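Listed next: structures, encoded as structure tokens.
Here chain A shows up in two complexes: once beside chain B, once beside chain C.
Let's turn to the complex of A and B:
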């Protein structure tokens, strides 16, 4: 078999392995948000509907169909992005998400990149000087960072920069250009970095320490290779898979809590605020779309990240 | 130093506790505060209005009052009990579920049962935690235990993963095979031979879940989708978010410090337990939820 066909088979097999995962996440999302969710027929009919009215509307909405048939139509609607209209404003859910998602991405991306990058840098210093004063300092600060709740960080930053110093706006999202973007994104970015850096540094340090205690790294050090060379070629490549997995898995944990907390607290019109308002008002179409789509998107991201890492890792054969 | 270490697995945790005096003392102080609340000795009047709006610290109100004139210290102490209730309930339940499923998966490593449990774990890990909470709260239509249930459902997976790996490791050490050769049933092997050897792993994981649950409760209550008709540091911080715009910082400082202290103490204890019980550097994904 030629290597190219082997590679293709490997990729296909990996992608096929995501199918049970997609099945699982959509099944749970469907069960929780649609199957056990409130019956929209009652909400649509208003007060004192007759049993016949309810039954007729349920038939019209497809509520009387068996579980698997409803699940299949749910999958179809997710796949074709036919997500219905919001209950609050009547706007198309697809348009609502398309309008608010870019705001969330612009809000969170700088913090995510900075938080991960800084943590990796700190972890490299700590792991290189393992057991030394620098290592103990970085590890100690990481534990403190881990113990601070995202909520505490947000309120503290709001108090210091928004109320005391008044340097940055702490409400709303009036972005008209680079300057106003920077002003609005600074506090969320700081919050995100502070909330994530402790966990990330500690995890990355543990990975790097593991990778650095291998024989080939010790040999390279003994031969006098420079720290950057060793890190780049011998250490980082070796722990590409766990580090990438970690980064990918921290997206939902941090980005979704960050988006919900930052946007609801600072009134930023992103997807987190939309979700938050849908939670409070029980807006079912929005919740179905947000839960279902993000679960599928995340399942796919995990699979693709895993695939890329395995392709990049020279130790993993395509067997 | 050539002394042979003869501490058994069952003895070790207590020697660990002795080594980390401060964290232990802090944890005991929190527990004592919570016990007092449960026994009705103090802080049962956390909802009562006993002073004026935003009163300064005084003999009557050591840490002042909030916007409604409720005593901040009393509310912070009452919240300690809430934190332990949430933390212990979630840690205990997810340890039981995660321990059992992990041990079963590891024991039947590679079988369809293992595959099924791994699929379930992968699926739950792939649903973002806060959205899972939202979905469960939505399905239960605001049931008071929706938050607890969601946390248990989300947090057992980490425990199960660690227990599964440990079970596979123990299974290779011979005595499990001996027990099987001697005719022991699977349930006897799991309960008599595997789980006693997993106690230390479960203890560390339970402490980590305890911390994660307390932090998650704060975020959820802050958002208004956590506890209702109760008092917690998260609910206090939700008030504090309004207070600081009016230049009142006491609610924020007290709730933050209380939360920080307990989380820090419990994290340090989990760390020490792990170091002592597991000399190998083990990489693990701690349950972090912001």
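Let's turn to the complex of A and C:
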């Protein structure tokens, strides 16, 4: 069997295995957020509804149907991408996602890339100088970063760069070109980097320190290889599995929960904010779409993570 | 590829991505006002505009028949789309409303040739009638249900807009006639609410469910952009209501001298080219955005009150704030109160007179045990106004001479009441206190329980039940699952009838009477008062009803919060978010920025 066919079979197998995963995730999410979620009927009715009004609206929203019927209908809508309209504004859910998801991606991508890259860089310095002043300094800063609340970081940055110095907008997303994009994304990115760098640096450092105490790294040092060479070809490669897994697995969570605080505090019209509002108001068409698509994204992430691990370490069999 | 190269490539890719954006505004908008509110509207369909956030937009995108005068306090109705105030028959049953001529809906693809047409009386009939189509999911149908002749039969017949409603019809293109089943003086107020705004049938049918995000109206502004964080509106060049008559709007040269509105008198409005409404729920962000000059106004978050005030009592802004901004402190047109579930025989109505009397004593004891001043100081910076009953001080019917004993903490009296009716820790019922899940609400519950505990009601007699969302909390109240709950009530019109309907028997849960108060005498007097025109007799009845509620200890309350508004010096306006407001935005003007 050629490696290419082996790889294709691996991807097919992984995707097939993802189906029960999608089924399980959607079932749990549906049960928690839709079936046991808020009943929108009471919030949607006016001041003086009658019991008949309530019953009529619940019927129209399909809330009088049995659980399995609602779940089957939900899966059908998800499979056919018939996402319908939001209960609150009436906007097409597909349009809503098409409008908000790109905003979230543009908001989070710089912070994610910079936060991960910087953390890796700091972790490499700390690991190389393990036990030294630089290591203690980086570890100390990381612990401070981990201790600070994300909200405090956001408010402090808004106050300093938005109000006091006036360099960047306090909030908003009026993006119509590179300059305005940079103006609006800088503070959220900085906040994201500061909030995430502590956790990432600590994790990456631990992995790197572990790899540096292996025999092959000590041998490379004995041969007189340069620190850069050792770090790049012997240490980093050895840590690629846990680092890749952590980075890839953080993407789906980042897309929904990571963006919520940033989008709320910086008034950015992204998917996190929309999802949060939908959870609170029980806007089921939005929840159905987000929950379903998150499940699919999660299943794909697992597959991608497995593939990347395979590429990082050929010893992993495509089984 | 080195890390540096990869980083450069990533940044370059992001810049290219950003460059694909479309410009968000055009340079012709000379005068721009940026208004901040603390929540976002879910829908721009007038049929769903039941809160201040939706109303703020809807009354500026659409026309209502009436509106409130800009500066008059107490609030006073004025014609808007109507050419004058309604002509009401002597028996109060027939209302004739004439419309302004040459008012047009905005151009939109929903119309033939994309050209908006004139607003007619048929549009008014359609706009009110569509509230009764189940597909509309109206939040305003209750305003007119049971009030208009033949409406129920029309609804039972399928609410077909092509069929005539006997009591709601167009006498001619510019005249609407409404025939009522009983006098309903509040009708004019309902026709000033965003819920009653006039929509074109073509647009409703063209956009279907999406009508909530594609408004087509005849108001002073047109929607250009709407998302979760802001709405951008442009001046409607076809909107022509003549010149602003400041005196008619209630301008008092002395009281309003600071506002600099004088120069606007006689000018055609709206005065701004572009209106941006920013939805900023986070208080700190809202404040920072205002201070940084990104928005022109702020309703000061309670936790920032100390930063802007020099004194709480009397309320005075700090000289620095007064110098830098325009300021306004005003009580909300609404109140918060605790309510008992009177349908629960353990604490509410009971067929056995003796038990009923003991239950009343328990409710009254709990009322006397509670400390409103402490609540005011702890959660509202001492700025709220505590008053007895449910007629807030801003209404004409408020009785300043009413005994305030029902809002004063009196633990001795509370204990005496419990003792006199043989309530002991063992016999006291276990009560469920409902709250939305938040730290704030939990703190309020603990404060309440501590006060009850101080008069001998054990802590385990009060059990909290928290709800993740307002919808769930509302459902529990509607289903009568809670014995005790804190609720807010926002007045939609300046008439005590709107507050007293909270206790009207036929409005019992799931209606507005969340307390399930059932008192035939109250209902009889309420019906009598509600049908009366404004006057001494009505005021006396309102006060009597208020006292009945106090005597029966149906609620614990009430408190009206004080709102602190700041806006930049170059903005000429008087902001107003009461009565589900937003009308003032058409009168805003921007001077030269400092």
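The rule we apply is simple: the second predicted complex is superposed on the first by the 246 of 319 C-alpha atoms of A that agree within 3 Å, B and C clash if a C-alpha of one lies under 4 Å from a C-alpha of the other, contacts with A are read in each partner's own complex, and residues count from 1 in each chain.
By our rule, a contact is a pair of C-beta atoms (placed from the backbone, for glycine too) under 8 Å apart; a residue touches a chain by one contact, two chains touch by 3 or more.
On a predicted model such as this, the values are computed, not experimentally measured, just so you know.
Undergrad: Thinking of the overlay built on chain A, is A:158 touched by chain B (first), by chain C (second), by both, or by neither?
TA: both
Undergrad: After the superposition on A, what does A:274 contact: first (chain B), second (chain C), both or neither?
TA: A:274: touches chain C, not chain B.
Undergrad: Tell me which partner A:222 touches in the superposition: chain B (first), chain C (second), both or neither.
TA: neither
Undergrad: May I ask you to decide whether A:148 touches chain B, chain C, both, or neither, giving the answer as first, second, both or neither?
TA: After superposition on chain A, A:148 lies in contact with chain B alone.
Undergrad: Name the contact category of A:282: first (chain B only), second (chain C only), both, or neither.
TA: It touches chain B and chain C both.
Undergrad: A:5 in the overlay: touching chain B, chain C, both, or neither? Say first, second, both or neither.
TA: In the superposition, A:5 contacts neither chain B nor chain C.
Undergrad: Which of the two partners, first being chain B and second being chain C, lies in contact with A:91: first, second, both, or neither?
TA: The answer is second: A:91 touches chain C but not chain B.
Undergrad: Which parts of chain A are in contact with chain B and also with chain C?
TA: Touching chain B in the first complex and chain C in the second, residues 38, 155, 158-159, 163, 264-265, 279-280, 282 of chain A appear in both lists.
Undergrad: Which bits of chain B are touching chain A when the two form their complex?
TA: Against chain A, chain B makes touches at 119-120, 122-132, 134-141, 215, 218-219, 222-225, 234, 237, 240-241, 244-245, 247, 249, 252, 256, 259-260, 263-264, 267-268, 271, 281, 283, 285-286, 288-290.
Undergrad: In the complex formed with chain B, which residues of chain A make contact?
TA: Residue list for chain A touching chain B: 20-21, 24-25, 27-29, 31-33, 36-38, 143-144, 146-152, 155-156, 158-159, 163, 195, 199, 203, 206-207, 209-210, 242, 246, 249-250, 252-254, 256-258, 260-261, 264-265, 275-276, 279-280, 282, 284, 287, 290-291, 294-295, 298-299, 302.
Undergrad: Which positions of chain A touch chain C when the two form their complex?
TA: 38-51, 53-54, 56-57, 60, 85, 88-92, 99-100, 106, 109-110, 113, 117, 121, 155, 158-159, 162-163, 166, 169-178, 180-182, 264-269, 273-274, 277, 279-282
Undergrad: So in the complex, the part of chain C that touches chain A is made up of which residues?
TA: Per the touch definition, chain C meets chain A at residues 3, 7, 10, 14-15, 17-19, 21-25, 42-45, 50, 134, 137-143, 208-213, 227-230, 278-282, 284-285, 288-289, 291-292, 294, 468-472, 474-475, 478, 501, 507, 510-512.
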